[in-house]
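Shared between the two complexes below is chain A, which has chain B as its partner in the first and chain C in the second.
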Partner chain A sequence: MSNSHSVLAKIGKRFVNSAFVLLVLTVVVFAAMRAIPGDPVETIVGVEAVSEETLAALRKEMGLDQSYVVQYFTWLGNLLQGDMGQSLQNHEPVLPILLDRLKATAELAFLGVLIGAVVGVAAGTIAGMTRGSFFDTLVMFVTLSGISIPVFWFGTILIVVFSVYFDIFPTGGMISYEVSLTHVTGFKLLDSLLTLNGAAFLNVLSHIVLPAITLSTAPAALIARTTRASVLETINEDYVNAALARGLSFPAVVMRHVMRNAMIPVVTILGLEIGVYLGGSIVTETLFSWPGLGRHLMQAILAHDYPVVQGAIIFYAVIIVFINLIVDISYGIIDPRVHA
Partner chain B sequence: MTPGQLNGAMPTGQSLLAIRDLDLFFDTRQGPVQALAGVTLDLAPGESLGIVGETGSGKSMTARAVMGLLPKSGRISGGSIRLKGQELTGLSARALRAIRGRQVAMVFQEAKRALNPVKTIGSQIMEAARARDGVTKAQAWERCLTQLARVGLPDPDRVMRSYSFELSGGMAQRVMIAIATVAGAELIIADEPTAALDVSIQAQILDLLNQLRSDLGTALVMITHDLGVAAENCDRIAVMYLGQIVEIAPADRLFQDPRHPYTCALIAALPSPEQRGRPIGEVRRVAPPPKGYAYADRRLGRGGVNPDKAQMIEVAEGHFVACQQPLPGAQAADGGRE
Partner chain C sequence: MSIPLNAAPGAELPKSGRLSRLRAGLALVVENRSALVGLVCVSLLLLVALFAPLIAPYEVDAFTDGVLEGPSWMHPFGIDQIGRDVFSRVVEGTRISLAVGLLAVTISLVAGTIIGLLAGYYGGMVDSVLMRAMDIVLALPYVLMAVLIAAILGPSLQNGIIAIGLVRIPRFARVVRGATMSVAQLQYVEAARSIGASDFRIILHEILPNILGPLIVYFTLSLGDAILAAAVLSFLGLGAQPPMPEWGAMLNEAQRYLTTHPFLSVFPGIFIFVTVLSFNLLGDGLRDVLDPKSRR
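Showing the complex of A and B:
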């Protein structure tokens, strides 16, 4: 029987583990940024001829003249208080900007995960049920291609074909300049729905379609293959025959008995794929000029903007850790044996 | 009765289940492989029939053919399966569904694997209970509780809320029997129902099956590799070998007067202190289909290969044997043949 006390204890333990993982990560991120060749001050100053005194003054102002250890603990101390510092480029506070960018990424990732999960699970299930059929062969071929194709190449092809040649979708961006949208939550698709702004909704949708497809292709392919394998394994279980033997139809058996069992490995893959989604979102957002966290991170790395890069990576890490926590908890909902 | 044609059958009017000359093939990459060759048997309402044979003899495939649950590559190429006069071979999926659970139910070898690990016992037994026509959810729930109590499970309410991993093997098999009987099936096919259980639990489960059979008037086909289990629990026993029924007789008669060399070998191989460990020969490969006297390659004390398919001969009332030359037994019985 599931025991709510032990469940809470397990979740609490996971939280402690997660906090430790994040702490280690702060060291890695901090060290990695310092290890990259290049100087943020010189990047900001650019090609102008500036005296050594000015450079030193700038470094002092940014706190970069102190030892790495002091810098690290100053940063960590502020981080724990919810202060990610200021951007070295424009002195804007990091946290509000990242939160704002995260919304655009969240919308893209949500749609990407949705497409990936729905298409992947549906294709995988049907392929598994009709093993050896034409559809199954097709799914196996397409998914192998989907896993193999690099994100940047696939996205480029989509832009060339659907934006440039057929001119169906915009080449990039999130919303056209001429379209007005009232700010409610900051999530543009959600805001346009909340304000019943159909024009804005369609405009954002037309911008999000290609990046969402680009982002979801590789995970969808992997989910389809995992689902297929899992369905094939589950469909031969005795309890499937037993359910058929009590008079249930094959589709009913698949829905009630096969799917839930087959979903256990798929949920694992989906959890792991969140990392792939976020990694893919950096490339996809850059490719489609999507104003999200990934593109912002890309620009910050090029500018050696330490606080922004460190903050963005902490964001990604927190998201991945949090989603894996949800995946772990969802096992217990799908499979009662987990809490036994 | 015309021996050789009815092959151990009784007039169809009386039988609940009538299988005639059933041929089953599996399509494999190496070509078709015959799994059943001319299987013929009858079962009266309320009767219990044991089907014994070694692994690969076709006993489970016979059961799955009746349930319409053959593997995808399986193909019935000839013969018929009639349940209360209704032909089951070639029936649509929808028509088969109406029969499964309501008229024929199945008890599986490993009950714990036959129960979905992520669904409650209640939801699974309810699926069976609701298969019965015109039953409301509340009535079905009551019926489930009654049936769980009937199969000897204390605290049916708790069992309904449990998952299979929370039950012992014996309890799980009782649950499977409750699921099989909850929709009022007239025929239960039990495929090695006790093979996965401890000896002490085995006896309890067999007693339960017999008890239910006498209480509910359900007919039982018990598939087992254990001749002793079949002898103690079944009215009649059919011995299968290489996809054929080689001998079928009332249980006591089969032991007193076995005619088929394979049956004799099986009986001789029953565990006894002095015969422990003596082999009866190896299982022949299933492919290619057996032709004629398929037992020649086993050292059973007989020789001679006949290329013709074996015929069933009635050697005594209700005792049929498939062989060209049945072992000499009571001459009177032989003399009674045409």
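Showing the complex of A and C:
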């Protein structure tokens, strides 16, 4: 039996665990960035001929003359205060750029997962209710294909068909240059709604459709399979039969009893696979030139802009660990049988 | 895939006689439609990889007499931007992708099995420390792991394989740990311990053979994933580098000709898709046969 005290203790333990994982990750990322061959100072200075004294002065200014331990704790201290250093490319502070990019990623990821969830739950429920039917077989085959298809190739095919051949949607980007949009929250779809800017809304929407569908394939497939499996498990439960016997209509029973219980594993799977979807979003953003965190990271790695790479990886890790933590905690609360 | 329920009684395989067990297992695979389709496709791909030099009409880096031509009888998949036969390159790519998948998953399998066996068998502190370490690796998706490794060692196919292999270690460790924990309580392990068998002997002779089922299933499913991941990394420029005929790298090169010559992006993609799908079908089927309890 769990009481509120032990639930709190469990949440606390989970929290400490997550913080520990993140702390170790900062060490890993720091070590990785220091292990990169080449002198960071010379990378910054570039090809310009500079005297040894200038280099030494720069090194001292950047704290690179100190021991790795001191450097790590200085860096960690700055990180905790939101200082991720400057981009080597344009000398802008890293954190504001990443936060801005994160908004574009969040808009795309939200829409992608939403499409995936709606399609997946609908397809999975119907397949589960009609087990063995043609539709069920079809769903199982299509979802296995959805797991197996390379995301970037699926996106490529969408571009070829809908952008190149039919010319319905743009091939990439987030908003056309000629469209103006007032900055309110930084979320472009939301901003265009808030400022009642219909032209901008439609423009962003036309840009987001293909990448969102691309991103939705993997979650849709996985959610459909999980939903189907849990519907199959729930559908023969006594309480479902009892509800039917009480004279509730079949759709009402599906909505109120079957779906509700089937959703627990779906939420868990979604949370646990968040890393996979974020990986998918990096690929999707790169393919569609979507100005999000993932594309920024890929550009930074090709430009050897390590402060940005380091910051972006930590960003992703924080998101993944945080979402896993929330899923863990909420799962334990929804289903008290789970002892974390 | 609606899988017939009669595929489930894998547990009723006769306990004695390896050959008869193997035959019974094979019969179940054949009965299971998805496993059969997967098995046939994987075998075909293996044949293509094995006989690639005989199948491919041209050398992978040989120039033909055309540039950027669509599919024709002479060049069924067309000719690429510098005049190479795409069919020959895709065929050669089968070798690369299968080898990459095998290598990466073998890294995960070996390391994950050792960690999982130790954690599951000893439990307690060993378990806590090992599984915490696994949690840390799990917090990084393979693309980010590849970014880190590419930053340090530079982007290459070999480093991509290391990244993919590393990222899957925790998943293998979890599968093996779970299976080990349930096997370790069984009577024959107790019996072996009571006659004074060493931990090493128990793990190797009593536990490992009895967790092979879930391990084989997970290995097969992971092969598809690893091949897909390798293609993604190469597409992003973090894996195989041109001119290597790796499917993802070919798609990366084809990207520049997407609006003018989209056919270049079609065939390598189909091959990735079919290969990954085949391994997933086979793995799903094997799961029904070898590990009926874990069906989702």
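Basically, the second predicted complex is superposed on the first by the 277 of 340 C-alpha atoms of A that agree within 3 Å, B and C clash if a C-alpha of one lies under 4 Å from a C-alpha of the other, contacts with A are read in each partner's own complex, and residues count from 1 in each chain.
The definition used in the following text is that a contact is a pair of C-beta atoms (placed from the backbone, for glycine too) under 8 Å apart; a residue touches a chain by one contact, two chains touch by 3 or more.
Here the structure is a predicted model, which is why all the values come from computation and not from measurement.
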In the three-chain superposition, say which chain, chain B or chain C, touches more residues of chain A. C
Which of the two partners, first being chain B and second being chain C, lies in contact with A:196: first, second, both, or neither? neither
Applying the touch criterion given at the start, work out whether A:257 contacts chain B, chain C, both or neither, answering first, second, both or neither. first
Just chain B (first), just chain C (second), both, or neither: which does A:245 touch? first
According to the stated criteria, A:156 is in contact with first (chain B), second (chain C), both, or neither; which is it? second
Per the contact definition in the header, classify A:237: touching chain B only (first), chain C only (second), both, or neither. first
Could you list, by residue number, the parts of chain C that touch chain A in their complex? 1-2, 34, 132, 135-136, 138-144, 147-148, 150-152, 224, 228, 231-232, 235-238, 248, 251, 255, 258-259, 262, 265-266, 269, 272-273, 276-277, 280-281, 284, 295-296
In the complex, the residues of chain A that touch chain C are 17, 20-22, 24-25, 28-29, 32-33, 35-37, 131-132, 136-137, 140-141, 144-145, 147-153, 156-157, 159-160, 164, 171, 225-226, 229, 275-276, 278-279, 282-283, 286, 297-298, 301-302, 306, 309, 313, 316-317, 320-321, 324
Of all residues in chain B, which touch chain A in the complex? 67, 69, 93-94, 97-102, 105-106, 108-110, 113-119, 124, 127-128, 131, 163, 165-166, 176, 179-180, 183
Mind listing the chain A positions that touch chain B in their complex? 1, 237-239, 241-250, 256-257, 260-261, 334-337, 340
